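Listed after this line are the structures, all set down as structure tokens.
Below are two complexes that have subunit A in common, paired first with subunit B and then with subunit C.
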Partner chain A sequence: MERRKRGLAQVLFYGGALLLAIWTLLPLLLITLAAFTSRSELYSWPRSFLPRELSLESFLYFAKAHGVMEATLRSILVALLTILISLLIGAPAGYALSRFRFRGREAFRLGILMTRMFPTSLLAIPLAIMYINLGLYDTLLGVSLMHVTLALPFVVLTTASLFMKIPYDLEEAALTLGCSRLGAFVRICLPMVTPGLVAAAIFTFVVSWNEVYASSVLTLRNRTLPAHIMATLEASPLNFRFAGGFFMTLPALVFIFIIRKRLLHMWGVAINK
Partner chain B sequence: MAELRLERVVRRFKNVVAVDNVNLTVRDREFMVLLGPSGCGKTTTLRCVAGLEKVDQGRIYIGPRDVTELPPKARGIGMVFQSYALFPHMSVADNIGFGLKIQGRPREEIKAKVERMAKLLHLDSLLDRYPAQLSGGQRQRVAVARSLVIEPQVLLMDEPLSNLDAILRLEMRAELKRLHREIESTTIYVTHDQVEALSLGDRIAVMQNGRLVQCAPPMEIYDHPANIFVGSFIGTPPMNFLEGEPQGRSGQLLIRGSTFTAPVPPALWEQVGKLKKVVVGVRPENIEVVLAAEAEATAAQGTVGVVELLGDHKLLTVDTPERALKVSVPPTAPVQVGQACGLRWKEDKLRFFDPETGWAITA
Partner chain C sequence: MVRILRKVQLSYLLLAPTLLFLVLFFFVPLVQVVGTAFRARGGGFTLAHWQRLFTDIHFPDALKNTLLLALLIIPAQLVLAFLAALIINKQGRGSTALLYIYAIPLGISDLAAGLIWLSIFTERGYLNSLLQNLGFIERPILYLSSRSPQWLVAAVVITEVWRATPLVMVILLSGLQMIAKDYLEAAEIFGCSWWQKVRLVILPLLKPSIQSALIMRTILAFQVFGPIVVLAGRLLPVLASESFHWYAIIRHEYIASAYALLLMVLSVLVTWSYLVLLRTKEEQLGVM
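Entry: the complex of A and B
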């Protein structure tokens, strides 16, 4: 009886997981297949599920399309800038959260999460006006700053949990062995959290790379790739859309796959604490 | 190597005074043990000396230098942490050489010094390993080597043996003693283990509630505890304590309880005579058990409640109307549970305390 119950629970669990997986993977599969199908086949009817031959035609078309390469470059620049700023601000904040007991520490931790409470769409228009006044509108730095606000809570909380796992004893030992406070951090703490920081950086990259809305509102000519695709979507042929869609998801998929274990680890700790 | 001096050192945490006006001088090359129950302030005191904890009042001197305001690296200390605090991303050799590297010493010098220190601590075959690949005892030795290789003027050890299992702890204890004889560093060693304290220390400083209660050589701490706390904290089992009133009788001063008497040595008569009540302290090995026949004539009477054979002696719990007393007798002593017995003191080993303050009464 007991065993049957457990069997049923397992069926439900794995059934649910399978449904979710299909829900996520099916569109990805369709986009991927379509991206590797030649243009003529894409428009033919009836169409077979698998392409008759793999073709890079759509890709080349997408890559050569007006503005795509420039937008990709901008996206990468924005993402790198976002990583730099997020880590420069987020890692010290995470260190402070993990090492010092200060008044309002828990409130601060919660407040960081609360910055994610407001939908970007609500903030976009006032933000655009502010950016115009500050001269940040339609600049890569402007988009980066917006992305930093999206990535920062994650960076702060995960780095906090990374530093928390490093016993303070180690830094104190370095102090007694001749290091300054900063020296102890650089020589002991930093090397030990580097893998975690890399994971946080990759995650930040993905956040920035995937962000469409704010990038669309805050730029005009200097569009990032998602904003560019979004803006040209209506007017572009099917193969452009599929190739673009595939190209957008690829880095996210690859990076998240690389850091998947660490990601769960980091979030797990961040949530438990 | 140098002398270490703490002058009226105070450290507070919010409302708690963790270190309360501690005066302590550790002589050059002396092995000083800071002993006390957990939370007594011994580790905080050590961290104040290390510079890892700031001092609210008082001064700390190492040799002639006032180091009170100096950061840890400028004090000339080496520290062994309870958790060892080895750097997991560095090999044993890099761990030991870390301090020298920070000082910017040439590579050959670092190598030579690390190897010499590794030899001294039997680590020569482990230099390429990482901390995770070492046993507890080996990690312990790396931590000691790392703190010694920078030739500190004062070596600080914070419960260095508490993470080891019992047998290894005995081994490392002897090892540390040998090491100290060889390098003769001025050492402060923090522990809550009184056996460690007695076996290692040239002198022991006992702390209670942030205060330094007594600082003396081990045997003096054991034989002449400064107060009831020290007598009960040191020694397994602890000192027995009995309360009574002083009474003069036929040219003698006795402490009388309801069922025991204890003679006071003439040197203490004046002091003891002033008190209404006095606590008598006596260690288990300083009580003799007298079996039935002549039991009447002894200093106290009781019944044997528990007999524990502990190898080299038997530990008796003798129930007296006052309280249960721990008595240590030879393993061959023919005692039975339930037997009535008399007790006799080794009179020169009796100690007397003021029950109100807890302090020993001394001439």
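Entry: the complex of A and C
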């Protein structure tokens, strides 16, 4: 009896685990197939569940469509700019949080966390008005700055936890051996946190690459890829939409795979405090 | 052990860029949203935008849909994410692989998720072709139309649950991993069933994680935008999409700002009420 009960529990457990995996993976498989199904088959009825034949037609139609490649390039540039700015601004703050005790430290931490309690992307609307006056409207820099606002709390908190793990004694040893403070940081600390910083950078890339709302509000001609797809959505045929969905998903999948080992930790740090 | 130094000036110097940036790009726009929502076109205080917003034909639906979607999405996500986190936390064979698989949608944008599920719910999409192949239907069913609002809601809920459950899972999982094994072993020694263990040990200890998951998720659910635009267009207006519509299509930044402000006030209210309702008493965590 006990044994049978345990057997049933096992079946439930593995069955549940498998179902959840299928639930996650199946839509990804389907959009991949849809991106490689020809337009005529996508619009046909009755339609077989799996495509009769795979074709590059839809994907090439999307890739060659007016504005797509330019928008992709812009998205990449915006994401790189976002990484650069948010690391340059955020990593020093993370370092200070991990190394020094000073008045206002807790207030600063709390303030950073507070920014996460707001629907930040909606700030794009007042930003757009501000940008028009500053000449930043419809520029890649303008979009990146908005994305930095989204990524900065995360970058500060993750870098703080990265530096926290490196014993200060090592830096101090370098100081007594004649290194400057900056030298000690660059030679001792930086090499040890580089993998973590790379993971944070990749994550920031994904945040920026995926962002739709603010990019759509802040651009007009210089659309990023999601903003471009959004703006042309109603006029686009299904094959364009599916190939676009697949194309937007692809880099995110690759990046999530690369940083998978740090993912849980990074999210834990950024959220669970 | 990290030795903490008193290098006050250096630390302020290091914090200054972040602080300055957040003031410029977070705080100033925040104040401006409030300003714009109450400012007349020529300048001066006005409530006219709010009057127009509250009497707009799409407003009641937008408010209702935003709340309804959050109400449907969040409990489903919480349950699914909790199950997924329990499965992974058991650390059986393959649990690391499962974690990566479950976490995949974390990297997918709301727009892409909308397009992915569009391929399933569209008139000649996967769902209809499956039903037709199985012989259940002859003609495609229209899921994404104004005549079937319940299907529109269902499609958006399913998309959001699929896309954002991993976020909740990761929060709960890192909470689960902080629970000391002793508690669970003690519960087993006293003969607790699995369900008793979950109810009496795990859930109370997980309360802080559940709280942060709820706050994060509700705020994100209030902002739901991509799947709405892709799957429903303006058939299912929500506050975020209305704000976007007023800004990008009608070019009326005052009403757009009013919508944005409304969403922000809602978010703050919700965060605050979670914090009050789910207040964790210290003794609940310490004494088991």
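The definition used in the following text is that the second predicted complex is superposed on the first by the 236 of 273 C-alpha atoms of A that agree within 3 Å, B and C clash if a C-alpha of one lies under 4 Å from a C-alpha of the other, contacts with A are read in each partner's own complex, and residues count from 1 in each chain.
Definition applied: contacts are C-beta pairs under 8 Å (C-beta built on N, C-alpha and C of every residue); 3 or more make two chains touch, one makes a residue touch a chain.
It should be emphasised that the depicted structure is a prediction, and the values quoted were computed from it without experimental measurement.
Three-chain overlay on subunit A, with subunit B and subunit C fitting side by side and no clash.
Applying the stated contact rule after C-alpha superposition, one finds that A:Pro191 touches subunit B and leaves subunit C untouched.
Counted by residues of subunit A touched, the larger count belongs to C, out of subunit B and subunit C.
Seen from the CA centre of subunit A, the centres of subunit B and subunit C span an angle of about 100°, rounded to a multiple of 10.
In the superposed model, A:Cys179 lies in contact with subunit B only, and not with subunit C.
Within the superposed three-chain model, A:Asp169 lies in touch with subunit B and with subunit C [touch as defined at top]. After superposing the two complexes on chain A, the shortest C-alpha to C-alpha distance between subunit B and subunit C comes to 9 Å. Shared contact residues of subunit A, touching subunit B in one structure and subunit C in the other: 167, 169, 172. Subunit B meets subunit A in the complex at residues 50-52, 71-73, 77-79, 81, 83, 85-89, 98-99, 102-103, 146-147, 150, 156.
Taken in their complex, subunit C has these residues touching subunit A: 1-8, 10-12, 14-15, 17-19, 21-22, 25-26, 28-30, 32-33, 36, 80, 83-84, 87, 90, 98-112, 114-120, 122, 124, 126, 128-130, 132-133, 140, 162, 166-167, 170-171, 173-175, 194, 208-209, 212, 215-216, 219, 222-223, 225-226, 229-230, 233, 240, 243-244, 247-248, 253, 256-257, 260, 263-264, 267-268, 271.
Within the complex formed with subunit B, the subunit A residues making contact are 167, 169-170, 172-180, 183, 187-188, 191-192. Interface residues of subunit A facing subunit C in the complex, by the touch rule stated above, are 9, 13, 16-17, 20-21, 23-25, 27-28, 30-31, 34, 42-49, 88-90, 92-93, 95-96, 98-103, 105, 108, 111-112, 115-123, 125-130, 145-146, 148-149, 152, 156, 164, 167-169, 172, 181, 206, 209-213, 216-217, 226, 229-230, 233-234, 238, 241-242, 244-245, 248-249, 252-253, 255-257, 260, 263-265, 267-268, 271-272.
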